[in-house]
């Protein structure tokens, strides 16, 4: 079961996976469509009287301390957090796959050097690496933030791909094909992709959940996505001062994170079970 | 055997060295003036600026800077905090006990409750307990620790007024309060941050152990144990669990950094005076030397934890012992 | 004399995506005190499952179908409560598995695993148990048992591990030993030694052995009686000599023909054409008929029962009726 299509189909066939896909699809639709119907997330219509209003018919998630509609902000935040996570993970997976392929295929000192680098990088907890950059970079543009997120998440993937390349390299059919004159790199590549796409997909899915949590955490600490762009972590930070008066400002963005990451993890779990059914 | 230990140790040393180099590169490569970073936005006199320049070797070419950095590390120097104007190592030493207390408590909870529940899930695979716990741990996994902490602090600490929500000690305790009173006070403050961190981490531990136990129960020697007529509890807890506990050693090694550097988010939310909250404050205060110091410590602990794990395996698993 | 072990109509089924599969479908045989019965068949014919059923160790989701009868002495194995079952396992009915490397726990010493067996069934002091373990190791021919007793499985050779397994199985003097392919995972030279140990122990302990194997050579040298299994059933059962000199069922004949011989005139090896059918879809009539060179029209429709082909010699084949008495 190592083709992408096969794995996807199997994932959706489990009830957990289905739930995850459903929730995620709902979120994506809400993120895209809802802002069209909801008030402007940046608008502050009535700070004096409209701030910190509890959930009501007019404002399903209430308003925050600047009278902004919380639901609108959560929906817009969904767009932002999801896109950031997707782009960052795409970057991580690509980097990891390339490095893994190079290290595994070339072997020798290139492999040793790359893997030592990966070992060293993996030793520093990802949060600290991010802090070392974002805390220092005064006015970090969003693009740079995404790139930094992406370039800190490829190490594990590279090990995975490298392992697979090494395994394929010593398979008899590679030697046989080579003896018949085929290009070794092309053989490895052709057999690599189907074998590695399953685990890569699992890693990517779980990576998305990870990045969402990381981005939320950094935004909560004030060094992630900068205001006034609404991001879930940033909203929780903003709402902290009115936590006791208007807890909905903190509850709902957090719930959004939980639901999204849960959905993504359910999908990742279903994918993993699809490639190793014993662990279901 | 000795050669194997030496080999592993050398590997660990190389890894730390690479990590340190990476951090140095990161510091220089990030856009912005490293001096401004190290100075913060405090207005300084010309002498202070010059002294800082000399201390960090910023007026020297890069290779020299690197050498100063490495030799400083070797001496155990991690620079001086911008905010507090004292060596980072002193700060770390001050905050360590609080992080130890919090991290240690959560560690104990994880390696008793977490391990046991995970193993139980595997024994009753597919049953109600297993499904419930799996769902709960998936949900816990998805929670941002700082959000969970905030909600708990608000609900339990403020709304229901059961436990204190902030800090480690009650600032209003009379100065002549005895050891017991003080300890109880700390314990009361410990509950919420420990609970927050435990919920999020036990989920991972349970899943890990569940998988390990499922694998262990599938081994052929479990069938042999049953065929011998051993009581079922022996089969599960003496044979299967013994095997399933080995991967837990790895988990232990991964916990070491957390116990020391603390959780940045949880400590920050609860104002728990450990290394984690120190790091969090350093972020907003742009106290780069502190962040650097904490990162170096964390990396050293990650590598150290891995090394300890290898040594533990060698000592406990007869197969590894003989292969070494 | 009541046979020690009586299996009648044993049926084991597994649910699969393609419906219910019945890899063991009506197995009947008996085992008497002190004799060795060999259960022979190709891999996948259900031999191992049959042996596991005797200890009620059939892995889920497999289940023993109602209507099966398993009796040990005068006890109904399928009706035993957990306590009686646990008492029977290891103490009266012991089993030796195919691959000793994975069947022994790698983190316990050989001695510990033997002692554990003893202490599970008898209340003896640890020292007494250890002494017995030492004696057992000596009996199965392990050199230097005083040192070996504290060694781990991976420190031993394959043959030595299998001896430990046998010692462990015999620790509580069982009446029946089930040996599931005890030599398949071992070198040929070591195989003979292990089999010799089994013979010796049988003579000295009065063991009944159910020997499961696919190797006819082992059968010829070490079994009193043979039961040939095919497609989930016993197709022929006889004393060893009779089976080899007068094989009745075409499958048995096919098996014997496909084994090369060192003596006698050179003959071509004749493999049995076709493949073992899918347990989820047994063919109608006689299960062997698609591959049988002597298949008659009747065989396609009627499933032959166990017919008597001689004294103590049974075969499930219509040819028995056709043959002159």
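Each chain carries a letter (A, B and C) given by its place in the written order, and its residues are counted from 1.
Here is the rule we use: contacts are C-beta pairs under 8 Å (C-beta built on N, C-alpha and C of every residue); 3 or more make two chains touch, one makes a residue touch a chain.
Every value quoted in this text rests on a predicted model; they were computed, and no experiment measured them.
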Most distant chain from chain B by Cα centroid: C
Between B-C and A-B, the pair with more C-beta contacts: A-B
Chain A and chain C, separation of their C-alpha mean positions in angstrom: 54
Between chain B and chain A, distance of the C-alpha-averaged centres to the nearest whole Å: 22
Centre-to-centre distance between chain C and chain B (centres being mean Cα positions), rounded to whole Å: 54
Chain B partner contacts - residues on chain C that touch it in the complex: 55, 57, 86-91, 94-95, 97, 99, 102-107, 116-117, 120-121, 152, 154-155, 165, 168-169
Interfacial residue positions of chain B with respect to chain C in the complex: 219-221, 223-231, 234, 239, 242-243, 317-319, 322
Footprint of chain B on chain A - complex, ascending: 116-117, 119-125, 127-129, 131-133, 135-138, 209, 213, 216-217, 220-223, 233, 236, 240, 243-244, 247, 250-251, 253-254, 257-262, 265-266, 269, 278-279
Parts of chain B lying in touch with chain A, wherever the complex brings them together: 14-19, 21-23, 26-27, 30-32, 37, 138-139, 141-148, 150-151, 154, 158-159, 211, 214, 218, 257, 261, 264-265, 268, 279-280, 282-284, 286, 288, 291-292, 294-295, 298-299, 302-303
